[in-house]
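Scrolling down, you'll hit the structures one after another.
You will see two complexes here that share chain A, one where it goes with chain B and one where it goes with chain C.
Let's turn to the complex of A and B:
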């Protein structure tokens, strides 16, 4: 450890660190554009210049290693003057189109302009003009005028995504960011450069011009695109998800998420194809019913079959809580042995960074809470065979479109009764006798267990009829809080969907059981008492970064290789 | 090839040359080639043939003879006669009159006893004008590669470094860092592989010292690099040369081939355990690629952008390995130092600046060309004795050294000794050796503007102060020169200069304001005379100043 002094404060710092890192560890923010904790040092933005005693010139904090006795000043007149001129230089050619810029509100240049700039310009020359709409790849558009040439995007492409296609061309003020000829920025992680870009130069084709960032609420959650469970923020406005962005978690996804997770896992929540209320098939057609009717129908149907004629498939898309309550219904109340989960593994579709072959967020969790077969005679194959042979007449499926697999679909038509929890109309609901409208991951509270056996929280971002934004303690934007009835915001559709654990509890109780869960916290509390490996856990302990289940208690079959 | 073989070859070559009655050397450097020295050489050769003199008389191309403004130059080595402005006609006369009839061609004679020649001290250029620049034999005849042989056979690497350190040699690329210290750092740095790089980018406008050395005496640079390789433990060298120097590249290629063939480069050099290869890398002619970190990026095949230092190339250079990077002229000094010893070298020059410096004299001066002078020589002597004073009797106003990174030295400092320290006291730098003389007709604001435009165009754009600052300093200078500026603009100009200097990433931006600051320091009046009084100038309504070129 080296003793250093920053702005009069004496600190202990690891001599391997640079000034900016050491300062950060002690909560001192040194302004910067090009430096990023996960990228190599470029040293070009000149924003982190600080004065180091005994050094003749100002030093860049991002590239200057700390040393014993070093005395650093980040805020004296000389440093402030240098910073002011860096800001002045940056703004000379900047288009200042904040009013139409996606980045406004979360823009480093904008923030620093308030904090570190003098507030006026001494230059009246024409700005350098450059192209405003350059497609760098299928998902990314560049505005050259906004680019401050920090090179973060280039370094990300080179160092993290390993697709080195970005480069600056030309010289001086004419420098522009381009892809090498005949290449496009289209790697599976390409959109992270949008988050990295400190200004609004790189924009998402999908989100471009959709919303001012301060009009959205943002909710901490987990991506459901694969078993990684990248930590994310869900951004909503008018009860609609507009974008997902990665949220820092060094144990899971660092600062990143993949493009599939970012674009491919939320649109169904907003879609018109959603199931808006429970439905029961009457004379070939699914008819909308209310929850009481749906639940008592399911209960009375189930009562008329023997337990050996009933099978249940939990869901690797549903939460630990949903699966736990489902397991209690199937194995406890109904008493069937036929309980399993359908895996969704795409062999080979994985990489070294984040993407996992298992395309579900909670396969480990579903099994861990007991939604798993005891042996092959009660597993998925046995269930499908039982349906074919007529031995199994009723199938209860949690959130999973199992009929998307044509082999499964053909088997399902043999059933007497198919009960399905679903978010949207799909192949499985087409065959279902009862469709129970389930809340999506973005509409409920709960936990998922990723491939590392890490239990992580999801939180509701979209209101349903039963879960109110204000009463449910959702994250709220100003629109959410203050929109008046004649505002166009605040009128987004609310579906009559419920979390699976609540639906399942209702059915269990209708069958005579006593599931006393009023809130998901109670489910988790129960789960943590009854399921050995969850012992001692609570939502508070899981926090917003998750917590790993202890290895000793996990069945070896669940430990990923 | 062994040391003995080398000495034998050397003596044989000297013998061969002495057997010639006449050696006629024509300048084959780019300057003279561009004004027709190839026609001259053809004429010389034809005449030699015509008179059946091939046996006793040889005509060879040689390196820069110095007086570039008076080219093409031809030298008759046997009696040390120099001819200037030689054309085909006078070339024929040289053979017919001087060689055949022993009567010098007086109309083209150059006075070699003039101070232009007598005030120079030649180390780096010692072979230019003396040997055939394309012949390794002639280089060996002039004691070439003996220093390398001495180093690898008789000296420890640490001994070589110590010798260079004691010589006091400082880098000739501009900054003047001790060469011996740099070598020591690289030799101590850890790395599986080390590299030696020769910086032959020479991007300063008007500079051609390095080009002349490479064209005239390429083996000297190769030998210096090989000795460096031996000293620091490198086995691979690169010469990074700008594409605008095709002749230098051609001669280098030839020289490398010749040296490899004779076992002076490649594996087991001079039958020792030392292996060293040299390859050429060609740059696309960006000034910033002369900056060492940008140069290394460029060699790696990346965009030539500077990187923050530390880490210095000596610790982490090419592909992350310790890399020694020196200027052409620095390497050209190595062989003579090893051959003659550090004491010999350190006797030349001043206390802190040892040896000689090559300058490219240009501007409003009588003798434009390439000169080599001992460090510490008064500026006055360079300009008035060697340079012959300003053209047409106009009054001397200032000398610019260091190109776009340097400054202007006014008449009152003419007695300043030319060495690293003294030049910096007046706000200039030694630089790589461009020396531009300005007389009373020169406008200093225009001079500053010229260099600022150069820096603005050459800024790589990586860091914001240089990228934008140079453009706006240029804009202000433009405004001043067009008499549209006010005192406020002067304040802004000075502040901008200070900030660009203070906050830029690499040497280009950090020194780009120097020509402005130095002209402001000595010729402020010229700026102020162009200013508008604040009350009268309000700008043209509705028009913003635009200096887009």
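Let's turn to the complex of A and C:
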């Protein structure tokens, strides 16, 4: 450890660190554009200039290593003057069109202009104009005028995504960012450069101009695109999800998320294809009914079959809580042995960074709470065989489009009764006798267990009919707070969907059980008492970064190879 | 009036005051003299007040060469203290890149403060001289682009006034 002094504060710093890293560890922010904790040092923006005693000139904090006895000043007159000059240079050719720039409100250059710039320009000449709307890849658009040449995107593509296709061309103030000839920026992680870009140069084709950032509310949640469970923020406006962005968690996804997770996992929540209320099939067509009718119908239907004729498939897309209550219904109240989960593993579709072959967010959790077969004689294959042979007449499926697999679909038509929880109309709801409208991951509270056996929270970002943004403790934008019933912008569609645990409890109680769950916290409390490996956990302990189940607790069958 | 709502009234009226007639005559004299002075009221609604440029009537959007000046930046929406404005941006091939797909002002919410006009970087939303705003229901009070757009020519007096005073 080296003893250093930053702004009069004496600190112990690891001599392998640079000044900017040591300062950051002790909560001192040194302004910077090009430096990023996860990228190599390039030292080109000159924003992090600090004064180091006995050094003749100001030094860049990102590339100067800490040494014993070093005395650093980050805020004296010399440094402030240098920083002002750096800002002035950066802004000379910058278009200053914040009102039409998507980054405004979350822009490093804008923030630093307020904090570290003099606030006026001495530059009267014409600004250099460069191309706008340059397509760097299928998902990314570049505005060259806004680029401050920090090279973060270039380094990310090279060092993290391992697709080194970005490069600066031309010279001086005419520098532009380009992909090498005949290449495009299209790696599975390409959109992280949008978050990395300290200005509005790189924009998402999907989100471009959809909303100003200050109009949205953001909710801390988990991506459901694969078993990694990247930590994310869900951004909503008018009860509609507009974008997902990664949220820092060094134990899971660091600063990143994949493009599939970012674009492919939320559109169905807003879509017109959503199931808006429970439905029962009457004379070949699905008819909308209310919850009481749907639940009593399901209960009376279930009563008319023997328990050996009923099978249940939990869901690796549903939460631990949903699966736990489902297991209690199937194995406890109904008493069938035929309970399992359909796996969704795409062999080979994985990589070293984040993406996992298991495309579900909670396969480990579903099994851990007991939605799993004891042996092959009651597992998925046995259930499908049982349906073909006519031994199993009723199938209850939690949030999973199992009929997307044609092999399964052909078997399902043999059933007397198919009950499904579903978010949207799909192959399975086409065959279903009863469709119960389930809340999506963005509409409920709960926990998911990722492939590392880490339990993480999801939180509601979109309100359903039964939820109220304010009373439900949702994250609220200014508009959410002040909308009145006659404001059109307060009228985003709300569906009559319920979280699966609540639907299943209703059915169990209609069958004579006594499930006393009013809130999801109560389900989790019960789960944490009854399921050994969750012992001692609570939502408070899980927090917003998740918590790993200790390995000793987890049965070896659940530990992925 | 007392600050706590008590009305302070002179207890004892004089003799002349308490018989009222002289006071009534005093009042009548005032009325009759006014009747022969020049009028400064309007015969509304037949005759209407035409406000000067400085007047803050309902906000409108300026249209120039067939397109709105607005770039859908949403600053007016953000600054509006009454949350009256909703803007949804879209992308256009024009140099301005963005335009409002939807622009709505809820005239029941608007308090005619003029902040939207002041914040707009494009001089695209300005206060007009229209003040006759009555609605039969809430839906009617939400003005979309079709009611908001006014040509720059029509809005010239206010635009000229802004040039000098802003």
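As a working rule, the second predicted complex is superposed on the first by the 556 of 561 C-alpha atoms of A that agree within 3 Å, B and C clash if a C-alpha of one lies under 4 Å from a C-alpha of the other, contacts with A are read in each partner's own complex, and residues count from 1 in each chain.
Keep this in mind: contacts are C-beta pairs under 8 Å (C-beta built on N, C-alpha and C of every residue); 3 or more make two chains touch, one makes a residue touch a chain.
Here the structure is a predicted model, which is why all the values come from computation and not from measurement.
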Between chain B and chain C, more extensive residue contact with chain A: B
Touched partner set for A:46, first chain B, second chain C, both or neither: first
Touched partner set for A:482, first chain B, second chain C, both or neither: second
Which superposed partner A:209 touches (first chain B, second chain C, both, neither): second
Which superposed partner A:132 touches (first chain B, second chain C, both, neither): second
Contacts of A:100 with chain B and chain C, given as first, second, both or neither: second
Chain B versus chain C as contact partner of A:123, first or second or both or neither: first
Of all residues in chain C, those that touch chain A in their complex: 71-75, 77-78, 83, 86, 89-91, 96-98, 104, 106, 108-109, 121, 138, 142
Residue ranges of chain A touching chain C (in the complex, touch as defined): 99-100, 132-133, 208-212, 214-215, 478-479, 482, 486-489
Residue ranges of chain B touching chain A (in the complex, touch as defined): 286, 288, 303, 305, 307-308, 310, 456-465, 467-472, 475, 492, 495-496, 499, 502-505, 544-548
In the complex with chain B, residue positions of chain A that touch it: 41-46, 49, 57-58, 60, 63, 65, 81-82, 85-86, 89-90, 92-93, 122-126, 148-149, 151, 167-168, 170-175
